[in-house]
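Lettered A, B, C, D, E and F in written order, each chain numbered from 1.
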Amino acid sequence: MATVKLLSDAEADAIPAVKAVFDDIRATRKSDFVNNFWRGLANDPAALKRTWEGLKDVMTGETALPPAVQEMIYIAVSTANGCSYCIHSHTAAAKAKGMTDEQHAELLAIIGLAGQTNHLVAGMQIPVDPEFLVES
Amino acid sequence: MATVKLLSDAEADAIPAVKAVFDDIRATRKSDFVNNFWRGLANDPAALKRTWEGLKDVMTGETALPPAVQEMIYIAVSTANGCSYCIHSHTAAAKAKGMTDEQHAELLAIIGLAGQTNHLVAGMQIPVDPEFLVES
Amino acid sequence: MATVKLLSDAEADAIPAVKAVFDDIRATRKSDFVNNFWRGLANDPAALKRTWEGLKDVMTGETALPPAVQEMIYIAVSTANGCSYCIHSHTAAAKAKGMTDEQHAELLAIIGLAGQTNHLVAGMQIPVDPEFLVES
Amino acid sequence: MATVKLLSDAEADAIPAVKAVFDDIRATRKSDFVNNFWRGLANDPAALKRTWEGLKDVMTGETALPPAVQEMIYIAVSTANGCSYCIHSHTAAAKAKGMTDEQHAELLAIIGLAGQTNHLVAGMQIPVDPEFLVES
Amino acid sequence: MATVKLLSDAEADAIPAVKAVFDDIRATRKSDFVNNFWRGLANDPAALKRTWEGLKDVMTGETALPPAVQEMIYIAVSTANGCSYCIHSHTAAAKAKGMTDEQHAELLAIIGLAGQTNHLVAGMQIPVDPEFLVES
Amino acid sequence: MATVKLLSDAEADAIPAVKAVFDDIRATRKSDFVNNFWRGLANDPAALKRTWEGLKDVMTGETALPPAVQEMIYIAVSTANGCSYCIHSHTAAAKAKGMTDEQHAELLAIIGLAGQTNHLVAGMQIPVDPEFLVES
């Protein structure tokens, strides 16, 4: 159902630039599983490499936020954008990185609240309080 | 510029149901400042009370996530929804609750990444991997 | 601040295809006021005519919904899309067509609720109940 | 395919706080059917209660807008947000509350128009006419 | 799964106003295939005619942009709006009109970049540079 | 009004990693002007470098699409996302790269059409035609 081909392992292995990224994904994540997003992106090896490296820079190594929190932020954006694939994949990742059921429930509650107040603010066209504009 | 009147303190004080919520906002937040969102919502005292109580339930008291993380999730949703008022007010709140500059930068980087991969996933119409659908 | 020129009355009058539409807007609305949206669209007379005629077909004459309800639906879509201009213009129109303050408050409350439940549904990825899929 | 478990009746009955809300949903709607949205929310009984009570306050009892109009506004927001579940459930509800085929067609036409003019306004960055900013 | 009936050829042929549009779609596109979008819209023959004529005006005949570029712009909007049907149909159309695999890859890369920078701009609330506001 | 500081030239010059990117922006664009987006991003030199290099890879050098077309695709995404800054900056860029007034008008018309049909498709929940799912 995708608009691009999802590369199999055999197809990926046949393109050195793709194989190199898939190998790095596997090594970084310590898992053999390469999910469909990367298999679709692999049609454009430069985009694959650029996107993976951007994501690796931000989401791995020394980070300012705990890994589960990073994934929860990712879920929040993906939910507001209605990206079903992204919600599924980052919910799985957040759980794998330690998000508890209580945290998941609270995350959903905050996302719901934000959806509500975002819409109320827009409908009322509330002007920004000068107090929020203190020098940043 | 709002589509509804923003109630002044004098106007809010004249409506007991509004005054009660404004008093609770001030007591809960330990601050005299009531921001414009509540002043707009105050045109509908039932909506004001319901929205404030929903927000208080989720965002205060015993929470599963640290207060600054809650606000960062709120920023993430508000950014994806393009709600300028909400981004300003929750960025101010996140800073007040301890978000560091490094965390703010990482939050923005994750929001940007999510914007990118959400759009790539949508454009390619990537199907959800069965691995993400393990029984929840 | 627009990305296109907003045509003045003199400029509009100089282009017969634009003048004809502006005249029809004024006659249909029984008002001399032509708002900025049409002045921007007037850079492309064919788009101006097509858009105005589409809008006139749906929103005027014999309609299945009362005029104020039509405008409230327009506000609802515009709010979810975050279109500030559209929220302002259709709120003004809804009031002119009889939307009461109570209806405006209820409209905003429904928009807020929908924002909340839309986000909750997306975050939980709720599957459609078969009951909603009865033959249409 | 949900990211949370959808509670069965047996599971819901085993949690008193959930059972109380499900009973109220059934009593309020005079129907045995509890749709999946509530079954997903039931993982967080406080969110279930808060969301149901908010929705009941706004959408039932004495309302400023007819029930079918309320549902049409809900459909409008859900469409702009691309929430497939919400579009299906509120279209079913609107029909049950009396929305005619003619009204449904006009609703869709207005939603389409609003989508078009929202995008045109954004693309042209039309400034708000001062006439729309009269004191509210 | 649609919220409206999708008219079959027999049903469409029985309504002269629908048949006329379907005939024009087939003649304009030099193909017998009428896709589901038009079959759904056909429930409202006036909307069918208005929407088809608007689309025909813009997308066919003498155009300022090559047909494949028009379709790529359509894909870009549809992706940002998360419209799965639209992404599929306009990707098929763009390929039929000559979009190469390299152009498709670059289109997706630009859409991804725009998603990223749109989110970064919103999160940082960057003010418009005066240089971009030169008289238009 | 931004949520982050916009770095002046003096501040940028004081941070070697920022200065290097600003120099490359100026050299690549053959212009002294560095717009506010980069000045905001400069608070996170790694994000600045990553974002600029991603954009430079896709939008400059040998491209599959003409530069003005690339910018029009960027405008299309930014419009659907309601990113005012992005619409202004990429409209200026598209004009600088040769977008004619006729192409701008057609671009806006297509964006408007897509907004309309995206919303109609969503409201009707049109299923994807199997013809669009031919092996990609």
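What we mean here is this: a residue touches a chain if its C-beta (ideal position, glycine included) is under 8 Å from a C-beta of that chain, and two chains touch if they have at least 3 such contacts.
All of these numbers come straight from a predicted model, not from anything done at the bench.
When chain centres are set by their Cα atoms, the one at the greatest distance from chain A is C.
Interface comparison, E-F versus B-C: the higher number of contacting C-beta pairs is recorded for E-F.
Of the pairs listed in C-D, C-E or B-C, the one whose interface repeats that of B-F, with over half of its contact pairs matching by residue number, is B-C.
Chain centres here are Cα means. That of chain A falls 21 Å from that of chain F. Centre-to-centre spacing of chain D and chain E amounts to 27 Å, using the average Cα coordinate of each chain.
For the pair chain A and chain C, the distance between C-alpha centroids works out to 34 Å. For chain C, the set of residues touching two or more other chains reads 1-4, 47, 51, 54, 77, 79-84, 87-88, 91, 105, 107-109, 111-120, 122-125, 128, 133. Within the complex, the chain C residues that touch chain F are 1, 3-4, 43-44, 47, 51, 77, 81-83. Of all residues in chain F, only 75, 79-80, 82, 84, 87-88, 107-108, 111-120, 122-125 touch chain D in the complex they form. On the side of chain F, the complex with chain A involves touching residues 1-5, 46, 50, 53-54, 57, 128, 133, 136. Touching chain E in their complex are the following residues of chain D: 82, 87-88, 91, 101, 104-105, 108-109, 112, 119. On the chain E side of its complex with chain F, the touching residues are 1-4, 6, 33, 35-37, 40-41, 47, 51, 54-55, 58-59, 63-65, 69-70, 72-74, 76-81, 83-86, 88-89, 91-92, 100, 102-103, 105-107, 109-111, 113-118, 120-129, 131-134.
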